[in-house]
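Quick one: this structure, given as structure tokens, is what I'll be asking you about.
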């Protein structure tokens, strides 16, 4: 299944419109190109309706949001909905500021999302209004662990049911759930947290996977998480002496560029609950 | 000729003002430093007139344009014209949205450009109003090929004559034309299309080449195209096992950093028609 | 001393709010992660007060400033002052435009900074209103050299006294001074000037050092300068054949990622005057 999903991305070259933060945007573009997609960025309200119309999917990431880009998120989201495009929300820093929380909540009310992808603190904020956050990183106290896995899986399914979206919660253990099923994924490396934007990159990548696999969005979202995590493992193995987080960033994107369906099938570590 | 042109850049350290998109801006800055130029970025309307005044050239790139940066493009362009600076237009995504097309067309009417550099779909949009586009990439149906080369060269010369600019159309085969002569350039690698922003980087680089060679802008533009393409070839040859598009990006900029005039003379592949 | 200062950063993981330019922001984030800090970026006036409140320090960098981000700088700076956070000013391009000079001067009047870090031309502009500048790089005529070192040290101390801030002037020879003492630092490589944003990276890194060492800000600022310079030396030594400025950028950040307190103690080259 994963093999076919990832090969669909390379076959179809999905064009993804990204409204995303200026911190990690270059890596988001390169990871989309690495996986076989095609990125376009636009966050001007007067530009986004046209741009999203020629794309197959929309990735809304609220990091470094501003008044203009927020207006653009709503305009693009509504247009993408009208056209039946795949739409993903990455609620970066929800819980860290009132504006970010409000923007994410309002977006969920006014735009129909296929997937919401964030860390556990951001997702808890959206689900319960009670998440805490350490800036743009998850609070350790919230982390999904083997000790709380049953409860965490139930939470993910429950929020997926309530929101009507596939919910992807990423961390040391990743959960990708709809109301019925939850992929519990154990790919990745802790050192990925020392690179800025691996979450943002995953959101871009995942949107391309959704566009190329429109009838299997749960599986496509899970495949994207496995791809990113496996690339983190391969990139880590490829590190040369004296390299650190900046080179690691390159090696992860390189690993996605060089990954094929068979590698993903072999390397993915998941169970379905 | 190419040798002297590229050595002039290193000798004169041209200061280039860039109003450019936030996706690829870091690579644009590093490629300008790599070739021997010096970059400065500013897109606030109240800042750009002062900034462009201390520079030798202005690179206007309309990717991720917004209302403020559009205002800045016109203000900076007019000031640069008053001062006789070299000015380049990179019409990213012209044809993909009404705002981008209109902005590019209006800029051409109100600012005098020395060079317009884009892919074939963007240039056709500006020349005929009839280009199609696949986001920020050229439509395959538009591509310059050996089969349509005579017609493409005639189109480039004709648009150069009509616009009064040197026209640089980049793709598998690159064309750099004024009304009389057209450089047909065959440097580069197809894998460069899997890196975000090689076109943006070329526009920054080219502006430095223009500033350092003010009396030979056709040749300077062609030299910049050869430099970027040759760097793509050298960077590709320098790729190590398991590297992909992210490392390739670094290796191309590195190749420009290490390129001298003799390497360019030997490696450039062009004919003049 | 340097050992303890740098180890405090890794122990405390200081969260740093950055209002910074979009050219070098990704490298600023990765360098903060490399040294053991945690970055968050926000420049929307309605977002910054909340964001800065959850951080320990604020890094204000005026490169690519715009009307909205300027408003955000004042709002965040005042809030950070109320909370007793460490605040740093990087006056990128002060002297290059009236808006940049005015913004830096106004910030100094309305926000209490712990450290001001810039090149000699930017600092002279703030100190005397008479700096000249070559874009965002220092004017060679202003450079701190062995020939003018006594005078330069006296200038740094005098401006530190007048402004009430620690003053960090970086260049071939770096000066970090309060009213009484001046660290004269000789780490670094001239090739660092061929990478965009090593100064911006240093400002981000330095803010993390200040937050983690609140009672020794002169020493913490000096330690950050030594760290960046030493990383430049190590990264240069780690360059592989055919690499240039783009790979060098990665290798410097990698060197910070891999640097420990003992390496810094051994490699730092400074005297106190």
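A, B and C label the chains in the order they appear, each numbered from 1.
The rule is simple: contacts are C-beta pairs under 8 Å (C-beta built on N, C-alpha and C of every residue); 3 or more make two chains touch, one makes a residue touch a chain.
For clarity, every value in this text was computed on a predicted model and none was experimentally measured.
Residue numbering shows that chain B and chain C use the same positions for less than half of their mutual interface. Chains compared, chain A against chain C: the Cα-based superposition rotates one onto the other by 120 degrees, nearest 5. Note on chain placement: the centre of chain B and the centre of chain C lie 33 Å apart, centres being C-alpha means.
Those residues of chain C in touch with two or more other chains are numbered 22, 26-27, 249-250. Remark: chain A residues 15, 22, 25-27, 29-30, 33-34, 38-44, 46-47, 50-51, 54-55, 68, 234, 238, 249-258 touch chain B in the complex. Those residues of chain C that touch chain B in the complex are listed here as 21-24, 26-27, 63-67, 93, 96-100, 133-137, 194-197, 242-247, 249-250.
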